[in-house]
Amino acid sequence: MSSTLRTFSLGGVHPPGRKAPAAGLAIEVLPAPAEYVVPLLQHCGAPAMPLVKKGEAVAEGQCIGAVEKGLGASVHSPCTGKVTGLTRTPNPFLGLVPAVAIEPDPEAAPFAPLPTDWEAMEACDILGRIKAAGVVGMGGAGFPTHIKLCPPPGLTVDTFIANGVECESYLAADHRLMLERTADVVQGVRILRKVLGVERALIGVEANKPDAIAALLAAVEAAGEGGRISVEPLAVKYPQGSEKQLISALTGRNVPAGGLPAHVGCVVQNVGTCVAVYEAVALGRPCYERVVTVAGAGVARPANLLCRVGTSVQNLVDHLGGVRDEAVKCVLGGPMMGLAVQNLDYRVTKATSGVLLLTADETETGGFGPCIRCGRCLDACPMGLEPRDISIYAERGRFADTARFGLWDCFECGSCAYVCPAKRPLVQFIRASKLRLRCRG
Amino acid sequence: MSNERSYTLLERLGNGLVKENPIFKLALSMCPAVAMTNSVRNGFLLGLAVLFVQVASNVTVSILRRGIHERIRIPAYIIIIATWVSVSDMGLAAYAPGFYKEIALYVKLIVVFAIIISRLEVFASRNPILPSLYDGLGMGLGFMFGLMLVGCFREFLGAGTLWGFEILPFKPFFFWSLPPAGFFAIGLIMALFIWLERKFNAWRAKR
Amino acid sequence: MTRRALSAALAALLLLALALPAHAAGLVRAGAVADEHHITLELAGSLAAGWDWPGNVSVTERESPDIPLTVTGVEISPDRTELTLAVAEPVAEQGAYRVALRHVEIGGVGSEIERFLVRKGVLATLLSIVISAALIQNFVFSRYLGLCIFFGASGRKETAVGMGFSFGLVMTLSAAFVWAMYNFVLRPLHLEFLQVLTFVGIIAIFVQLLDTVLRKVNPFLFKKLGVYLVLITTNCIILAVPLILVGNAYDLWESLALAIGSAAGFALALFLMACVRERLELADVPEVFRGLPIAFLAAGLFALAFLGFSGMSF
Amino acid sequence: MKEFLKIAANLLAICLVSAGLLGGIFIHTEAARLRNEEARLTTSMRRYLPKGAEAAFSPIHRYLVEEAGLEPGVGYLLPTRTGHALLVLDPEGNVLHRAEVDAPLDSEAEREEALAHVLPGARLHFADTYILALGPDGRRLASFISGRTTGFKTWVKLLVALGPDNGVLGLEVLEHEEDPGLGAEIEQEYFRNQFTGRTLEQLARLGVVKLPLPDDYRRCLERSRWAERGLDAAQEHEVCAKFGGEDIHAITGATISSRRVTDGVKRLAGAFVRRMDMVTAAAAKAGLEPAF
Amino acid sequence: MAEKLWRVTMSPHLRDGTSTSSIMWTVFCALLPQLGLSAWVFGPRVLLLAGVSIGSALLAEWAVRKAMGRDNTVTDGSAALTGLLLAYVLPPGVPLDLPFWGAVFSVCIAKQLFGGLGFNFFNPALMGRAFLAVGFPVAMTTAWIMPQFPGFLSSLAAPDAVATATPLYVLKHAGLAEFLREFGNSRGWAALILGFRPGCIGETSPVLLLLGGGWLLYKRIITWHVPASMLAAVALLAWVFGPEGWFTGPVLPHLFSGGLFLGAFFMATDYVTSPSRPRAKLIFGAGCGALTMLIRLKGGYPEGVCYAILLMNCLSPVLDDWIRPRRFAPPLQCEPGKKP
């Protein structure tokens, strides 16, 4: 059965799904914490400039950080309250980033949506709204959505792809969104299709979420888009959620190395982003909320929490009954690409898809051995690169030689390290090589 | 010539035997060191031939150093070496026929041993006769020493004998008297040299 | 495309050379030593019925026509165009044997006595010289020659390829020259004792000449190969090959085959060693073994592996 | 141009000087080389002669004589009582040619020249040389036959010494490329000496057995090694007599090499005896008096 | 509550269950049935040989790592596997010091001096064998043992096989006719296929080796490429270059009477010394097979698997270099305006 389903051609691995508890749990709303610290930089790019000062009162959804130029997205206040200070907060990827600390006002009224008839709007106006709402990719990378929606001049886009794959283990945030806000997903897809001016839209979902597929099919029918939005079940394989792999799986087109999806006529957005776009465009609500899966054997109670940007991880965990003693590792994001953090003071960002508290049984903690040249990493790499050779050269400090093994095409999905029997930290070697070469070059 | 340093016999001998030992340090002319060292005697005799050629050509080149035109330096050196090699070849064939049979090819190949021409180029062409003679002696003896050391190692381990005399009544490791073992013997002895040198340097630094 | 066709044609030619033994115009078309005790003859036509072998077949070594080998049986193929002679004494593929058939009628032509010399074909001989020099008696791993350059030029793959190529060029050309010099000058004049001097002189002059010509004609190639040219003069193989071809009294073609084979074998050894050493640079080799000592050990292992070719004969 | 001439003159001078030097040394050493070579050969051959026996070594050179359209003949350049003669026989032993040769025959070149003179038009290929040790009365004391046979890997070059009655006096392995430790053991005394003392008839029936060499037989075969702690003469004689009539014990792990060498010895000795018979008969017929 | 210390490592935080040592021990176990059979038919001394071999390999690994001041790697199983494989390529009657010296050579010279596991470019066990073959030639060519059977199976023994001659030796030096006389009947074939014939400790039973190899294939520790292409190359060449002329050769004797199965499934598939890409593996396997047949038919030894694999080991860095993974997509051409 699964062999007839489409998937990407090269490499890929099958990590254990471990989605069971979280996937069955409805999204639950996290109560407002005592303080939000909203990072002004939530993805690689330029940090937003703060628009508020200490002591200033802010309203929920008010823009508190804006980006004038460069790669960036504006940041909005997650609550009505008072700015208690401009500080810095750690970000697992980016180090210490500027942030705005806000103390919520418990009595404030909830955000009032501002329904708009988006179908009557021009595409560029919709794009403007998306930009103003600070929508970013909710899949994990947090790339500003409005930039992705403007393909470089000269490239024509003919296909929009909604990414409902969620191939990372444990995570179920997108799954729950597709189940509980199916109609919003479809609306988001329709909006984005309009922005891009394309007819064809695909929603790729892995076959391990049959309920989501069924719900989406029904919602597409209900929206009268039966012929134009197709829901595509895909074989389960990691990293299908990566843009290039998803495009390859759905369309058979391979994005050239160093190219954009637009080079093969595609634009990909996460289903979470579709919902955010829907909220921003149709309801006028900026992006400051997201669903975070908290899972792993180290957490007292797994859950899918709807929480606001700036909430601390500690808040999430405390709400769920705290941490078990066996937990040894806290990972922000999925287990394959997420980052382990040394404490729980990290803040939820727009890109935080999960918080995993892993026990020693679930995760690898031992040291690594020499490469035995088994070649599994070569077979696993979805990009057809040579992690083995990169790691061997990097281990001897010969970083300049690593480029010819495809260093720059690596998006660090971790498939190679997952299969490595010597437990070599291949991704670490790759990252170190990139860093070293960037610094030098 | 530019190099007017004075060299003494002792200094040159030390240089050839240890500091720039042709086999273990310069790693030049390894072919006989691998192929001809399964007995000390072969090593000694081939070393002797090399010693003769090295000294003779060093002296010859040193004498002629002002007469040889710069452009044909290399061909001239090669002809000089070839002459002395032919001399030793014929001499050995005539007066040591039994031994000559075993190493005939290698005696002829002394012509292309890199150590000889490199000494001519590096030393003899820039120095007067006496230092050149000393240098030839040093290098030739160093070469002979290298061959004999490897020979000792292999003959003792391989056949239980030294210079044909039975030391052990059995053959400890037949393997070492086989030709491919030459590579292993040289590799190991080279590493030993490096190790000793490091120890020695560390010891001297401590002093 | 053309390269592929060319290599296919070459391969076909080589196979042909292996497959086809010597040809002759007589009633026996071809003959070969099949194995240690059998010689096969391919007849030009079918053998007339009624012929029986005892007393009618004789086999001798070419060198000893007066000492007949004991023929213990003759097998005639069903279509009567092939004879297999069983011989009591061992015969060797490399040897040459005279076969005489008496009172035979083959393809309608009768003959009182039909003689045939069974030996290897020319192409097969040349091929076996090439293979022997390249693999079985590989100069580096089986004869332990050319080691200075072998260790000196096997650090990088590009160097190894450049060295192998220049070496092959000089080797082939100088072998031809040396052959001519020896056979037309030194031997007729009984100047064999000048062997070493002339050979090395020819090689040195050749290298110098190539150096000069290349510098003028193809500066690009010179830039690539120039460095190696000088080194070639101090490579044992370059002198060993002439000495061997003179010692074995090879003819011109055999000399060329020897030169090509040994150059190919040397290039192969260099290339393999370069691959290994490039990989060794990444390895955690013990401090004192870094560099030359480990290269020697690697060469020793190669030599052990190349023992697999020992005793091979074509 | 002047520069070029200077260089050329320079190089030429070096070449000429060295060639001259080598020429001089060659003339001096070549004579010594030949003398020494011969001395070495005769000493090694004398070991197979009775102690104190006076012997002269005279070679018989064998040639293949090819004339157009004919079965090749075999030419023997042999010493006669008066000088040398060339005797060409057909494979059956009938005389095709005979000629007295009266020229210096010391080197290959001289022989070639002399033969071309007595047998113009024929193509001669040198095949091999038998060396006979002749006593003062012209009796054959020993014959030395060298030839090659296939070994396990490549060729093996053998030297077989036969006595006056064509029994084996000894065997030497001159060249071989057998595996060290296996086939290469054919050069060891314990293998070679097993042939010593076999009569021609025994040799003809000689086989190879795959049995381990008995210890006391080995002691008596390895004469040089066990000389001081070995057996006394009587015991040795007894052991040799006991095993000497049996087949050759193959070298452990190298049965094929042993068998090939044994075959080679049989073939070389057989061919030699047959040829000597033919030559003696033909010489008598042709009115030649060979020196043996 | 004290601040909890969280472990920080790079992604991915999930790992596949296999580890270097699990792979090594799986291969080790896949080899064991053959050892049992050998102990049964050649006598329990075989177990002693294997024990000495494994023990000295482990000892050598420990000692040389200690001498070099490196961490202990005895438990990763690679040394034990080398020891076992070395014992497998020895004749069952060799003296006990052979496996010791062989293992010391394999582990110290062929592996650890080159940087240890992962950097040895020759299969250590086979290198050990090549070393023993030249260093102890007599024992390595004569120490064969005729299989002994418990009564009820004695009918499986090949009838009057010459003691101390392996089937391949008979095939090479006595000819196909003699081989067929000894093994040509159904009992002979059964003995060849089941493993009741003289040979190295670990090569006798194609059936058990195939089982072990099949298990490794099933566990995805090895892929089919190398064994399949090696067996195919041997079969093809054996058929083409027959003793009686083209396309007449005996395929089955060449497949079943040597160390081919051991080599194809357990030696040539060694990760470190064989290339990694499927296409390279096919070439590698075919090369092993071709060289095996070249040595068997034309070379100086009756069996060529060991040297064939060693010779192809020389080429595997080259093959790895030439045959690289196919990239996901070619790099972007410098014309951003057009779709590639």
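A, B, C, D and E label the chains in the order they appear, each numbered from 1.
We take it that contacts are C-beta pairs under 8 Å (C-beta built on N, C-alpha and C of every residue); 3 or more make two chains touch, one makes a residue touch a chain.
Being a predicted model, the structure only gives us computed values, none of them experimental.
Engineer: Could you tell me which chain lies farthest from chain C when each chain's centre is the average position of its Cα atoms?
Structural biologist: Most distant chain from chain C: A.
Engineer: Write down the chain pair with more C-beta contact pairs when A-C is set against D-E.
Structural biologist: Of the two interfaces, A-C and D-E, more C-beta pairs touch across D-E.
Engineer: Just grab the chain with the largest centre-to-centre distance to chain D, centres being mean Cα coordinates.
Structural biologist: A
Engineer: Could you tell me which chain's Cα centre is nearest to the average position of every protein Cα atom shown?
Structural biologist: So the chain nearest the centre of the shown protein is E.
Engineer: For chain D versus chain E, what separation do you get between their C-alpha means, in angstrom?
Structural biologist: So the centre of chain D lies 48 Å away from the centre of chain E.
Engineer: Centroid of chain B to centroid of chain E, CA atoms only: how many Å?
Structural biologist: So the centre of chain B lies 42 Å away from the centre of chain E.
Engineer: Report the inter-chain centroid distance for chain B and chain C in whole angstrom, where each centroid is the mean of the CA atoms.
Structural biologist: 33
Engineer: Once you find the CA centre of chain C and the CA centre of chain D, what distance in Å lies between them?
Structural biologist: Those two chain centres are 29 Å apart.
Engineer: Counting only residues that touch at least 2 other chains, which ones in chain A make the list?
Structural biologist: Within chain A, residues 370 contact more than one other chain.
Engineer: Two-or-more-chain contact residues of chain E, please, as numbers and ranges.
Structural biologist: Where chain E meets two or more other chains at a single residue, that happens at 109, 115-116, 118-119, 131, 134, 136-137, 300.
Engineer: Which parts of chain D, given as residue numbers and ranges, touch two or more other chains?
Structural biologist: 15, 18, 22, 26, 30, 152-153, 179-181
Engineer: Show me, using the given definition of touch, all chain pairs that touch one another.
Structural biologist: Per the contact definition above, the touching pairs are A-C, A-E, B-C, B-D, B-E, C-D, C-E, D-E.
Engineer: Note which residues of chain C are touching chain B in the complex, please.
Structural biologist: The contact residues of chain C facing chain B are 143-148, 151, 193-197, 200-201, 204-205, 208, 230, 233-236, 238-240, 243, 286, 288-289, 292-297, 299-300, 303-304, 307.
Engineer: In their complex, what parts of chain C are in touch with chain A?
Structural biologist: Contact set of chain C toward chain A: 281-282, 284.
Engineer: In their complex, what parts of chain E are in touch with chain B?
Structural biologist: 101, 109, 131, 134-137
Engineer: In the complex formed with chain E, which residues of chain B make contact?
Structural biologist: Per the stated touch rule, the residues are 173-175, 178, 180, 184.
Engineer: Under the stated contact criterion, what part of chain D meets chain C in this complex?
Structural biologist: Checking each residue of chain D against chain C gives 15, 18-19, 22-23, 26, 30, 64, 71-74, 89, 91-93, 109, 127-128, 150, 152-154, 179, 260, 263, 267, 270-271, 274-275, 278.
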